[in-house]
Amino acid sequence: MITLDAAREMIAVARAKGREMGLKPLSVCVLDAGGNLLAFEREDGASPGRFEIARAKAYGAVMLGMPGSAQMARAEAQAYFMAAVNGAFGGKVVPVPGGVLVLRDGAVVGAVGVTGDTSDNDAAAAVAGIAAAGFEALA
Amino acid sequence: MITLDAAREMIAVARAKGREMGLKPLSVCVLDAGGNLLAFEREDGASPGRFEIARAKAYGAVMLGMPGSAQMARAEAQAYFMAAVNGAFGGKVVPVPGGVLVLRDGAVVGAVGVTGDTSDNDAAAAVAGIAAAGFEALA
Amino acid sequence: MITLDAAREMIAVARAKGREMGLKPLSVCVLDAGGNLLAFEREDGASPGRFEIARAKAYGAVMLGMPGSAQMARAEAQAYFMAAVNGAFGGKVVPVPGGVLVLRDGAVVGAVGVTGDTSDNDAAAAVAGIAAAGFEALA
Amino acid sequence: MITLDAAREMIAVARAKGREMGLKPLSVCVLDAGGNLLAFEREDGASPGRFEIARAKAYGAVMLGMPGSAQMARAEAQAYFMAAVNGAFGGKVVPVPGGVLVLRDGAVVGAVGVTGDTSDNDAAAAVAGIAAAGFEALA
């Protein structure tokens, strides 16, 4: 289980990582093991729709049990499949890096979604936040 | 404009007010002047769907320019009108107290949505957060 | 956490309770703590749309942390509020008895939704199933 | 017509087939001839969103009268057509193997949807379940 304190730590460290790497303004969300929102922050200067993107990266990861990188590989191999999956989840899945699974003792306990810079940089910021809070990250 | 730092201050003080008043676990969101999410936190022990409620309280306030109390008065006088409004906004409006407008110099710059306790207590927590961040609150 | 074996036990006993009470054909679903489906069975003779009703009873219970009876009380006192809540959850909330919370050590770990007979009989069947599987029920 | 007992037999044997083949945790649903849910089970360890995938595989099969393999062939030849079909069905169609038609005397009486392993393995588990319950399978 991810407590709110742990979720806040993930967001704070993901954002600090973004500043350290010189990334554009980031938006960071943390979902629980059921895909429901625990916490979110959108940095000043980010575009207004960033919550939907951040959540969709994390939501697909939790619901499918696949991090964004694996979803992207599947989308590139079989685009219509990921498009259909998105439909099955009401349009709430964005299959690119930056949706990172949060695990404890090998079990998925939630996901972090980051958006704002390149997908790979977004994922790096998420991983930093998850590790700082004492969880394993699967990006 | 509400910066992320100001939004975080609103959430922190709304949550502290909830603890001071002995309220149930709160969920608090801050939306910008366009109705888009800036920040959200769900306290431990709150039910998993609280984000949708918190956002819907704040969203209706911003989009209609009416705080939750005014929306509730309208709903009680003319239930079908608020039901229809809700349909027009894709089901994202919950017309009860706890959706509080954030103003500066008389202009709406966003809204805070709080859920978890009674609607009136939710609104009191939101007002405390908004005032602490240096804005005017219209509940 | 509710295992699949426990969910199957809940369904089997809820159905047996329905036969013992002489109820109409029942449909029974079990959701996890995040509102996602674990198991479902629709008895022969039930109308085809019963899954949506059973899930919506259980889904509202989990997402709001309120059993169906409490949702119904709120709907009767403030109909527009529960209508709006339903909108916020994409139409997936049916606020009547038969949506029963499943708890362990006082924490919500899921919900059972039953539909087919009167709402109170539906709830009685759900409670029987939850108790048989060794959990606490809040109807 | 598929009775609930037959649906439960399909699920039990599909799951047993998965264990025999050493597959990942499976989620299995059975729909009736109208595309409505009869029964579902999600094995422990499967990700929480598996119901939506399992149902979408089976739903497309019933509604179009085409098993997942034929839908996939069409999607690979004409991706926009299956995307548009998915839109017409509210996003509830996932066109890959694992959506298997259930027939009796040559007439479609429902479909089984399986997800969790590769699409072809999912389909093999579904076929085993359908055959064990005394129906013909079209994968």
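Labels A, B, C and D are assigned to the chains in the order they are written; within every chain, residues are numbered from 1.
FYI, a contact is a pair of C-beta atoms (placed from the backbone, for glycine too) under 8 Å apart; a residue touches a chain by one contact, two chains touch by 3 or more.
For each chain, UniProt lists the protein as follows: A, B, C, D = Glc operon protein GlcG.
The shown structure was predicted, so the numbers you read here are calculated from the model rather than taken from an experiment.
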Intersection of the contact lists for chain A (Glc operon protein GlcG) and chain B (Glc operon protein GlcG): C
Comparison of B-C and C-D by number of C-beta pairs in contact, larger one: B-C
Centre distance in Å when chain B (Glc operon protein GlcG) and chain D (Glc operon protein GlcG) are each reduced to the mean of their C-alpha atoms: 43
Separation of mean Cα positions, chain C (Glc operon protein GlcG) and chain B (Glc operon protein GlcG) [Å, integer]: 30
Distance between chain centroids, defined by C-alpha means - chain C (Glc operon protein GlcG), chain D (Glc operon protein GlcG) (Å): 25
Touching two or more other chains - residues of chain D (Glc operon protein GlcG): 48-49
In contact (per the touch rule at the top): chain pairs: A-B, A-C, A-D, B-C, C-D
Chain A (Glc operon protein GlcG)-touching residues of chain B (Glc operon protein GlcG), taken from the complex the two chains share: 3-4, 7-8, 32, 34, 36-44, 48-49, 51
List of chain A (Glc operon protein GlcG) residues in touch with chain D (Glc operon protein GlcG) within their complex: 33-35, 62-66, 78-81, 83-91, 108
Chain D (Glc operon protein GlcG) to chain A (Glc operon protein GlcG) touching residues, read off their complex: 46-49, 52-53, 55-56, 75-76, 79, 82-83, 86-87, 90-96
Chain C (Glc operon protein GlcG) residues within the chain A (Glc operon protein GlcG) interface of the complex: 32-36, 63, 90
